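Input: a single structure, listed below in structure tokens.
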């Protein structure tokens, strides 16, 4: 715990310096709420406010998405990133959503947060990209059960699978929290908002919800950085990563080992690319 | 403004009645006027000048339009092609069945306008809400004093309701018509220039006058500046507001500006009332 | 006397303009017979087919969907069908994972000269889907009712 | 009158005879008001359901009318309402129904879909024994132990509920329960909320004056623009109207909509009067805390704490009220 406190002190110091010497316009980090076991994203504009930044086991929220809110980018945006956020930032850079030079990355090695479901299968505890590192890198252990839940699911019969997912999508209230929090959901206009065009019906039933859920999983599947934010924010606690990881598992099996956003020069998204030697099942 | 809302059917206000398109007129390249009648040949409802109707192309969508005219057994709505629904409406033919519900909203202050000079200022399709008011004045000419009608559009071919503009309204007693276009064309001999500029050239006197102003936001903005320069007060200026609407009965939530719902508290507001509302347009 | 009509599946086939559609045309010219329950939608390229078309098709009452395009290497647009290949290999697995029988969504390469392959594929797919019966999974209620109404009485 | 807790099932069974009884229960991991299955005891210990009871009066998707298109186009209102009992409603949720009554039943037009359901609804409230970490109803002027607009008020006395009828309909319920009730009374627990918010005097009016205040930039920044807060809110009643079409037939339905969505206010032609999350967050908070108060004389927030609990970025309306109050004090 004391090491965490040290990191928080160092984070505040670095943040104050960055703001003082005008390296960044503001810093996106975590700050206090009314509740000791929750933090909220904060936007620190002045050095004197750097003490509002927090670093503890409750810094759960992903922050990468907020970079997209700033359309002007007059100055660099400072942003606190953990392993998952760093992969998301990389992904946004590859997808031409942000430019590397517009962000200043404050890396924070992370031992996992209070949300065990979100952080349970984390393979990259250290930021894979950063401009400054707070604290020391932590030991990373390979994840052996990345696709365990997917494999279990695959063993079900067709009808069992359908019953399972129908149950899931029956519960969905389509609040779009999963989409809005997802760092790689960066479309300017989502298909799910185009009711008038007809990509998505606005009625809430398991069929329309499935249409939304499956399309979203498929659309972000090849760019998913496995931050688990969708699952964390779901007010109905739906197992959304179970759908996303199925895509990742198949991608790994069909197109080779794949983890998204590990570097700035990462490969194009799997579905935005092809290889002549890809397996062919449609002959 | 006026409190007397009229809903002509006593049943569920969210359920439209099936109506028939009995006449379509191409006003301009992108504006058509549609005439609607119930299946038993009656007027769907009796709107007051300024009131709205919710027109539904079953299965395609619903949208709110101002009722631009009415007869013994029909009402008329003028529609500019600008989105999915209006696109589909422009494809419609005489005889097609649609859903119609209303009337919604308040209406122009007919009583308050009595005994005053009136200045109607309209731009583009926004003559549509003014038209029933002007025709009301025409029918009750003795109740009102001098009338000026200033109307402008992008080009001569975009002028709507040409029959009224050039035939019916100019023959009204004690009435001056001022038509202008942003850009002239061959064969057009009227004034060329923007509405606010033309308005200042015409130099209306604010004395005992009520201004009814409808048009695109940018025109409203510059017209207001011009009017205030001429000495008009915001109490003298009446306009209509527009927001996205779904229910029309003040429930669904999206057409609010501050605590007012445009669908029931509007669409007609005086500038003085609008000034009280948060700046959200 | 009423004739009890046998249940026929609704099968939607997306055919690429340059190969499969031509192949289907050739099949027609040669008077080859293929099932009437197959409905073709011509698309410029098999990669034009948005995976959501498939979801929507199932939702709106199709019992099977097939995407057909040029053989790899033969794409009119050089690389379109390579994208198709990746896209639908993943889509097929994802649909199966969601409980949709894999036979209900298939993809095949059929060239402009393969009229017989077109016919055989249509016959085979139609037979497979007929054996599976009406799809009720993730189908809109309205179309489920329709499917039940048209189902053969056992 | 007292109702022994052991006889709760019997009491519910009596209500179930001529009405659909909705009770708080966890179904598949989601706590909500759900039709009583006749077996399990309702989870009256849980503080608040995840989903509010508004679904009973204002379903997420509600069919309005069926239509056919073409030369014989027809429109037919979807009929049919059943009697419903909302059992085990907390004070906050009971007040939320009061708010929705004001929204749907007053004004120029009444909403007949709502009013039909409302006329057929009996509310049986239960006073809170304890409050949850996110509850702040007493700051919003409610009493966690009593719901004035409920038909029947239950107070938890440990082994039994003290039962009080508050309306005619409530008296009818007590009549039905006659054989189960015993004489007696007791003091209901009077819990206080841990989370306290100080709502300054004249708050709604002052907040109206803060339309251009920089506070909106600050509070809206963490917002992701999802609809979680509005969908778990018991008083959010905004809706959208849409159609589902199958060939020449179709159904027009209304469904929950969220003022936090980008397309909520966007007009044909693309103009959006509330283009960014700042305007949308402002509109939501002002509707809850100012506009509704101006229209109906009460706040549209009942202090249930659901939005505080469920917000993905942990935004907090209580914190906003405090911040706004502070800004008011600082002029």
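For clarity, chains are labelled A, B, C and D in written order, and residue numbers in each chain start from 1.
Please note the rule applied: a contact is a pair of C-beta atoms (placed from the backbone, for glycine too) under 8 Å apart; a residue touches a chain by one contact, two chains touch by 3 or more.
These numbers were taken from a predicted model, which means no experiment stands behind them.
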A count of C-beta pairs in contact puts on top the pair B-D
How many angstrom lie between the centres of chain A and chain B, each centre taken as the mean Cα position? 49
Roughly how far is chain A from chain C, centre to centre by C-alpha average, rounded to an integer in Å? 36
Separation of mean Cα positions, chain D and chain A [Å, integer]: 32
Of all residues in chain D, which are in touch with two or more distinct other chains? 240, 242, 244, 257
Numbers and ranges of chain C residues touching at least 2 other chains: 140
Touching two or more other chains, which residues of chain B qualify? 61, 83-84
Select the category (line, ring, star, complete, other) that matches the graph of chains linked by touching. other
Which residues of chain C touch chain A in their complex? 51-52, 55-56, 59, 71-72, 79, 82-83, 85-94, 96-101, 106-109, 137-141
Residue numbers on chain D that touch chain B, as the complex places them: 64-65, 67-71, 73-75, 77, 103-104, 107-113, 208, 211-212, 237-243, 245, 250, 252, 254, 257, 259, 264-269, 273-274, 279, 283, 286-287, 290-292, 294-295
In the complex with chain B, residue positions of chain A that touch it: 196-197
Under the definition above, what is the set of chain D residues touching chain C in their complex? 244, 246, 249
Interface residues, chain A side, partner chain C - complex: 150, 153-154, 158-166, 191, 199, 205-208, 210-211, 214-215, 217-218, 221-222, 243, 246-247, 250-251, 254-255, 270-271, 273-276, 278-283
